[in-house]
Every structure is written in C-alpha cells, then in structure tokens.
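Think of it as A, B, C and D in the order they're written, each chain with its own count starting at 1.
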C-alpha cells in the first residue's frame, strides 16, 4: 500500500530524517491559518509521482494566491485521482538534488540501496545515473557509504547523506516497507540535507504487525472503499475492500482478510480462479478464444483446508465482484485441486443462486470448470441452475466465450 | 538434496487440523513423516505421528532430519525456519502464504550461509510421484515419468501436470517455487537440480509475466542446461497494466540486462526464450506435443 | 549500572512485560493517597537482592499499618544503603514462581538465557535447578522455547513464558543491558504470568546511545555522587562521579568521561596506575611488601595520544581521589608505556603540588614509578618536591611501603 | 594468520591525529601499512600513507589486505569491523576502548562465520618484535626471541616484556587480548596459535583475577599445549570484593566447571594452574627465572 507524501513525511520525521515545516490542508480556507511563512509550495496529495508536470504543484507568495491555487489543485484530477488533502510546505533552496531509495529486489532477494547524484523531477536523468548497492548481509552503515562513493559524493556529504540512507533503511526494516524513496533530497549551499519529496510503500502482508501504519493509512482505506463500493452492486457489507492501485487502466482490490485479488477490465466475461498463475492462464485462453474479460479475480481456496466458516462469505464476496456488474454477461469459474473443499464450493454456488433469486436479482449463466473435485456430484447438485459444469479447461473457456456473444 | 523415499520429514505447525491433514496427506503418498512440531503439544500424536514441542527433540529421537514442511501462521514462519536450520535441517518447504518479505530476507541470509534449500513461501512444495511429497501437491494429477516441472504457480502446475499425465508423460519431480514476492529458491537453482537429476529427461518451466526471473532463466538455460526445456508463461495475452515505481522498474531493467527491453516485458519474455531456441507453449494443452517434439529431437 | 526495582519495572511495562499495579512512595505520607487497594506490599528500593530476609519488604492491610511500615523501611539500611524510595505494589497470588534471566556471558561471548522452575526468595534452589540456553546466533523465539522445555514447562505455559523471555531479550538488545532478571515470575492458577520482582543492569559503555536510560537513572547518579562526595575532600566539582557499586567492602566509582576506576580500602597508601592489570599487580606488590593500600585507581592515560586538554583535569581528579583522604600517608604512582605523554604527566604532577601549596593544603610524599618515559627529565623537573622518581617497580613499591610506616 | 613483515595492514580511523600517530608508529616498526581509511577523507594522505573513504577502495588499489587496526570512536567500531570483514580482511585489531558488549556479540557472530580473527577491543594488539606491530605496543620494551606472551592486560604486558628483555629473553609474539568485558579472541585461540608458531619456545600467560578464562586456559594447556607455559595472574593478593548477581555467579561457576570452587576464585585460579603443573609467578620479576627453569627442563 502506497502512502501519500504527507504520511511518508510523518514517518521520515519520526525517524529523524529532516523534512521542511509543513501543514496539511483539508480545505482551501485552511490556508488562512497557515503557520508557515510565504513563499509556500502547495502539493496535491495523490499517489502518482508525475503530479508536478500535471499541475499538481504550485508555488504561492500570499494567502489570496494560495487559496486560489488550492481550489485549482483540489479540482484537478491527477491520473483520475482527486486529492483529498494538500500539503503546504516551506520553500527550500537546494544547491543540488539527489535521488535516494531503498527497495526490496525480488531477484537478489535483498534490499537494494539506490542513489543518483541527479535527482529531482527529471527522472530520466536520475535513472541513467543510478547506482546501486545490494545489502547482502545484515545492514551496517558502510553499505550506505559505499553508495555515497559510487554516486560521487565527497567530504562531509558522504557522512551526512549516508546517515539519511541509514535512517531510510532502518525505517524499511522497522515498518516492513517494500519501498522508501526520497526524490529529491535537497542539499543546501551549506551542505545541509532535506527530504523534499518522499514515497513509501508498505508491505500488505506485514500490516498486521504495524497497527500504527494501519491507523496512519486508515483514512485512505475507508475512503477508497467507499469510492469503489458504488461501482459494485450487492457487495456483502461486512467485507472490507481495499483499493491498492487507483491509477491507470486497471484497479486492483485487495481484501486483506480473505486474500482476494480483483482486477476490472472492459469486457463481458467475469473470471474467477484459484491461483495467480491459473487466473492469468485462464484470462489468456479467453483472449485467445476472442472473448473479452470483464474482470478477473484470484481467490485462495487453499490447497489445504481453509477455515470453513470464512469460505462461504469469502466466496459470496468473490461471486458478487465477478458477476454483479451490468457489463458482465457470463461468469467463468476455474478451480482446480481442491478435492476436500469442492463439495463445499458447489453448495456455496447453489446457495448464491438461491440468494439472488430471493432478492429478485436477475441471474446470468455460469460456467464452472472443476478439476480434482467430484464433478458428477456438482452436475447433480447444480442441475436446474444456469450453471454449466465441465472438466476440460478449453471446453469451458469456449463455452463461456460462446455465451458472452 | 535428499528427495527419496528415505528422506526424513517433519511438519511444523500450530493449528492441529491443517498440520495434521498435510502430514497425513504426505504420509499417504509414501513420505517418511517422522514427527510433527507444535510448541506446547509435545507428547501428543497426530494419528500415529509423534508430536514434539521442539525440532531438536525430534532430532534427538529420530536422528538427522532432512526436510521440514512449515505450515505455521505467517508471522511465525521465520522463527520456525530458523529453528529447523539450527537443528541441522537442510531442506525447508514453506506452505504458508503471506510471510513478510523482510522476514524472508533474514531467513535467506541465514539459509545461504548454512546452505539450506528453501522452497516457498506460499508454495505447493515438491512432489516425486509415488515416492515423496513435501508440500501440498494433489497426488491424483501426477504419475511417475521423465518430465521435471519447475513452476512459480501452484494450481497452474497441477493443470500442466494433468495435461502431461493425460498424454502419458509422467513426471520425475515437480516443484512449485511459491507465489509470494520473495521466495526461497529460484528457477536457476531448480534448473540445476533437475539437470543433475537422473530421472529427469526434460524440464517444463512454468513462468509468469510479472518480474524478470524468466528472462534470467532463459539465458541460464542456454548457457548451462543440457536437457531440453519447454516453457509456458501465463499472462502473456492478459491485458494487465503493471504500475512500477521508478526504483522497481529500474531493478527489473537491471536484472533483465541490456539484452531485453524492460518496457515491453511480455514480449521480452517470449523473445528471451525464443532467442535461445526454447519452445514456448501458447496454452497448457500445447505442452505435451512440444515435450514430445523436444524428446524426439533429443533422441535423434 | 544497576537500576532499582521500580525503574526496571518501568522498562518491563514499556516492553509489554506484565507488572502489577504499583506506586512510587517518596515519603510515608504518600501512602495516604494510595490508589492500589489493600493488601499491599511495600518494598525498599535498594540495589541488593537480599532485602526480603533483611526486613526490606512488608505486607500491609491498611493505611495506618502502611505508614508505620514505610517509616520503618525508610530507616532501615540494607547492606549500608538507605532507600530513597519505596514501591507500593498490589499483592499477587502465584501458584508457581519461576526464575528467568538473560545475561551476557563473557566466556561464550553471547547472551545466555537462564531459567529455573524454582524461582523466588530461595535463590539456592533456583540456582541448583538452573537451566541455560546460549543464544549463539541472532535471537529467534525458538531459543526461548528451548529454555521452557529444559525447565520442564508444558502446554500453553511454553508459549506464554517464552513470550516473556522474548521480550526480556528484546529489552536487553534495545537498551544494551548486561543483565535482565525476573525473579520471581509469578504464574497464577489460571496460567497468567506476572513479573513480581526484577533486576536490570545497564551497560555503562552504551549509555551514550540511550539518553532515555540516562534520564531514568539520572537521580541515582546525582544522589550517589553527593553521598560519596562528602568522603573525598577537594574533589574537582566539575567532575561527575558515578558510584556503581554501593554495597560491601569496596565501593567503585566510575567517571564516565574520563574512564577512571577507583576503589577505596582501609590502608594508608594511595595507588594510581595506568591499566587494570598493572593496577592489580601493583596492589599485589604492595600487599606482598606488607604495605596497606588506602585505595587504588586505574586511569586510562592512553597507549596512544589522549586529547590533551582532558588529561590535566582528569589527572587532577585522580590525584585528589588517591591522595586527599586523612588516612593516606603516601601515594604510589606507577605508569608505563606513555612515552609521548610522560612529559605532560610530569608537568601535571608539578602543577598539582603547586595548587596544593597555593591553597595551603598539606602535602604527603609521592613515589613516581615511570617506565618508558624520560626519567631524567622527571627527576629534574620534580626536584624540590616530595616526589621520589624511580624506574624499578619493586624499588618503588618498597619505598612507598617504607614511607607509609 | 599472517603475522609477517609482508602482511598488508590498514588503519581505520576518523580522528586524523590519533589514527595517523598509530599508523606511523606501526610503519616505523616495519609494518607494511598500505592505507588509512577515513570516510570523507578519501584522496588525502597521512604522511605518505594514502587515505581512502572505503576499505573496498583500498582493496581495489593494493589487493587483498590482511589486517585492519581499528581506532574509530567506540560506537562506530562494529560498522568499521563489518566493513573490513565484507572486504575480505581476516584479522582485525580493535584498539578503541568502550565498545558496547552487544556490538561485540554481533561482530563475533559474523567473525566466527567468516573465520575472522578479532583482537580487542581495548587492546594493544599484536607485536612481533622487529617485524610487525598491529596495535599500540611500545616497541622499546621488546626484543626478538623465543618467548610468546598472551595477556589480558595492556600496560602489564609491557612490564612483563620489559622484565624478559632485561633478562635477555626476547619475544616471538606478544598479544594483548583486550581489557573490555567481551573481547574477540581468547587465551585458547592464542595458545593454539603460539603452540603452532615456529619461533615460540615458551608461552607466558598473563591473567587477571576477574572472570574464569584462566581456569579454562589451564585445563586447555594441560590437554593440548605441548610447549611449556609460565603463568602470572595479577590481583591475587589484592583485597577485592566482587559483587556478582546470581546470574553472573552462575555463569562463572558453570564455566569454571565442577573442579573449582567459584566462591574462592582467587585461590581456584592458582590451584587450576598448579594442578596441571604450570608454574605461577608471584610477581613480574619472578617470570624470567621461571621461564629459564622451564626452558632448561624442556631441553634436558
């Protein structure tokens, strides 16, 4: 989960990474009580990094200009996202701007320190000059100093900037972050350092041991839930949806308790599978058969037995997500290898159709591909419902595509 | 590496139900499950499998143990794995999903120092059909034979295994490396293991679109693997938009090397395999015929 | 530096180790505002562990008894130490009492977990049944579970008590402790655990990175300083003396900034040396020659160059400590291997005598044994002062003993 | 172990003055000081010794380095030592006093895994008279010869070396293990090193009353050391009252084993040596005659 700039800076400040005096602005009128002296920078608090070129950052010299600028920014969506909050921050005169990051590298399976002497808005240049140090063994400050020497720092800057990297690393470890980025780190003519913009990605798996982060990002979660809730009819109100990715073509929802991964697209076939690879393979087959996925959802049904009480509500949520949108004409369910739970699953699908009937909801046809379950029993139990039960994957895909036309 | 019927295996788990189910499933496949480990439950039994509070107690009882299958809650996996390593185990399969990545980093620093093989987390583990199951592969999709499978997926692995089994192409070893972002062993390690495995004649590699491990595997295969390889990558047709941070794209670009364009990942993956003449299946059902072709070429 | 029980428990509480509701009592009258329901335990806050058998712990049932008991305890020295504070604590009914400790073992050079199923006041029994687990590699909770199994715990207690040990270890590492001990850890009939008494030793070397601990023990430092200050005339008021060991025959003072180690005895020869081993060897020689040391002080003069500005005030403090007590008849200084600083040292001794003269302080004879310095120059510079300069150690010792008779 | 004139040595330090003094003192003793390491001072020189910001830069310049002498502020010693280890150095001498013990624990876990020899902290290091100085032993008290010295003290070591030198008993190697509570190497390690050292004919062991390392050394000598040993323990006559916590006394008792009574530590130490027929000197000036006696016995 990505934090907003002002949330990231709150963590920086806690850890002793220097940040500028700043103030959170919820409404343009808050600027009348601004405690920071002008000139001031107003920054749209959205999740994308390119807000500068897209008009999300404005320098203002006085209250009148500030209020006007704030109104503009509040009404400017950046890659479809409207800011809920602005950050008003003091101006800083940097002599030099560095790029610094610590990120988990899934290939070397280690945190990696990244740095470039050319930081700032022009990320192309930063990327070209990027240097890296893999933190192979337990971190010690010399890893940071190695990066400093690689990016060409000299004299006292080696110690002062590597001290910032040490704190970034410490934050990464203490808060289980996937990424922490400072771009730019401003260096004043006197050699002082200042984190001017920052990005923090929290690891979702580890959230359970960081109640402080959950409360920090709590507002993000609930707001985004409301936004997305409107788009999906009939969702079980007990389920907590978290939208982790708001920009771009797709939007992915994670339901932490149930470990559902959901992606929405423009087609008319809802797709529900167990397993990431199987989901992608199924979407591939639908595309190859000229079908158009409306969405796809990966649900963890467990290679081993899940706690059964949660399975029902989890599946109901999942079925709501894949089927209850106007564009969806057919649902393709592809589950495999769940011998022990397949009877359970069949019952749940049966109950789901009954539930829809009981609230007079129109039903659409389902194709259920079942491998490793008791397929005969499924056909028997689901007879009379618009559910086609099949064992062969490609037959099931072709059937679903046919029904979607 | 001990992946034989003699391999001594323990299951580390606290929720008796799931741990027991997995232990029994493994046992019924022929695996030599010598103990269950559950702190505070030492002295009990799981349907004939003795339970100990500590791994070292099991070692004291049965001698050197080869493999542990860990089914602990996600935040206790690191500790369980370190305990297994401290007790001298050299193979660990982590079934649990959702282990925090920095826990994995800690574990892997240790495992590399002690030369312990880690498979998972969030994996179905390893199956040697009719010989050994350390993990959760459903045995019914497998049959013994000469095809090795290495996969980043769980259920998709079963799909492929079933396609092979239906075509009377049995499997030597099938390993699911795990679906979590940071996993213990890589395509490279397992390509090497299967290359050296006498039972394996051909390797099926099942990849995904995300990440860069497939590109690395392709170049590794062309340089060091003697046996034929057939690849299948899921998600190559799916309309996915991957949102990377600068740092993340940079890392992908770096690991992919300069040969491949990291901006067009999907094409680059297939290109990487085609460049080194590894056949890439378009769908699971294509795999058996590609396997047969490759095997035939091998024996000409 | 050892913390008092109530300070240790403040750390326990911070770390989530359960402690009983308690209240710090500075004066007997504080008991009139007691917020803990009776019956209550009143505990003398002194540094020794044997206060229970020595009358430092009393159970009271009501305010009148409590005030009386508090007065008694405040006036009862335990091994020469009067409590400055009492701790009033709720009573706890423990089914079982365990002994738990984590301590740094200088031989295996690792923290060691210690535990006994027979904790409590009878330390003999606890010691006899003590089990240990060496934390060879980075700590992980399984080390604690190993201890639990060794001391014979079963069922849910394995997890709950090992959880306490985990937190003890975490505290040891976070606060750089030499020792953390819970004795007893009470276990209630329902299996709940409670730290009933605790001991924490902070490592002096690491205090510089724990400002929180310095402020926690700040009161101890200054109070003890005042107590001991009275016994030593003419001490430089700028020096901060810390008494780390208050009980028993000797008392050892540490001056953190200067790294002086001072021990007082009953004889009449003041001894000042550079180096721990050399100090002990010199004291040995004095004893062997039938001399009686009045004290001995180990001063770090540096095998390499010390910052010179500090050397003068450090040496003045050291000379005050070893010479300015009525029982001291002669001072033996034995320094070796300080070629570069020996001239400096000679000048300082010269100035010290001048300072004493200037305030009309009586002087006593000094024997200066100098190896590796410019001995001729020393003799020249110190001629006219009651300072005998010698190169041979045993000659110097014999001379000092002769002068002390 | 490379304790010859060829051994490549660096000095890690930030306060230029002290680091430079030590580096120059070592150089003047014949030590091959190839670099000084001081972050931010890379490119400078310490009176002819090139200075680098990183250890790895020095390695890149001069190749494999044998030994680092660390003179950093106490709280930066751990990092400096880990940097040296990461750059492949196998011998580290820590001169600095006051390194927090838990930093030493971390360092020693690492050093044991990488088989790095750590001497110190708070030590005068190692001197091979007229050959090599890595540390701060004043050279004037030493002269080459067949006597090895292992000591827990610094200045007392010079005292003993001087007694030997005055008696025309030169020294092969003299090592001060360090006076801090947790030090990197033990009597045992150095007894073994000196037992294997060709130049050493007899070992003088200088101990202290505190702690239990002397008892352990005594039993180790009787079991594995072939060369004659003479011991001297300071503080055996001094009236000191050691206040131990229960946990600490327990640890002392444990390490001392059941053979010796931990409550009478002082007597137990001397008894431990006498029990295995190692002569114990009563005072430094007794050492030369005990050494001569032992050497004579050896050659009869």
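We adopt the following convention: contacts are C-beta pairs under 8 Å (C-beta built on N, C-alpha and C of every residue); 3 or more make two chains touch, one makes a residue touch a chain.
These numbers come from a predicted model, not from an experiment.
Trainee: On the document's contact criterion, could you list the chains that touch subunit B and likewise touch subunit C?
Mentor: Chains touching both subunit B and subunit C: none.
Trainee: From subunit B, count the fewest steps through touching chains until subunit D is reached.
Mentor: Each step joins two touching chains, and the minimum needed here is 2.
Trainee: In whole angstrom, how far does the Cα centroid of subunit A sit from the Cα centroid of subunit B?
Mentor: Distance between chain centres, rounded to whole Å: 27 Å.
Trainee: Could you please state the distance in Å, as a whole number, between where the Cα atoms of subunit A are centred and where those of subunit C are centred?
Mentor: 53
Trainee: Just curious, how far off is subunit D from subunit A if you go by their C-alpha centres, in Å?
Mentor: 55
Trainee: Any chance you could list the residues of subunit B touching two or more other chains?
Mentor: Residue numbers touching two or more other chains: none in subunit B.
Trainee: Which residue numbers or ranges of subunit C touch two or more of the other chains?
Mentor: Residue numbers touching two or more other chains: 137-138.
Trainee: Just say which it is for the chain contacts: an open line, a closed ring, a star, complete, or other.
Mentor: Shape of the chain contacts: a ring, since each chain touches exactly two and the loop closes.
Trainee: Please give all chain pairs that are in touch with each other.
Mentor: In this structure, the chains touch in these pairs: A-B, A-D, B-C, C-D.
Trainee: Where on subunit A is subunit B touching in the complex?
Mentor: Per the touch definition, subunit A meets subunit B at residues 49, 101, 103-112, 114, 123, 126-127, 130, 132, 136-138, 172-173, 176, 178-179, 181, 183, 199, 201, 203, 205-206, 208-209, 245, 247-250, 259, 263, 265, 273-278, 280-281, 283-285, 287-288, 293, 296, 300, 303-305, 335-337, 339-340, 371-372, 393-394.
Trainee: Once bound in the complex, which stretches of subunit D touch subunit C?
Mentor: 17-18, 21-22, 25, 71, 74-75, 95, 97-102, 104-105, 108-109, 124, 136-138, 140-141, 151-159, 162, 179-183, 186, 206, 208-209, 211-213, 216, 234-241, 243, 245-248, 250-251, 254-255, 282-285
Trainee: Can you check the complex and tell me which residues of subunit C touch subunit B?
Mentor: Against subunit B, subunit C makes touches at 137-138, 140-142, 145-146, 148-149, 154-159, 162.
Trainee: Which residues of subunit B touch subunit C once you look at their complex with the stated criterion?
Mentor: Touch residues, subunit B against subunit C: 39-40, 42-43, 53-57, 76, 78-80, 82-83, 86, 106, 110.
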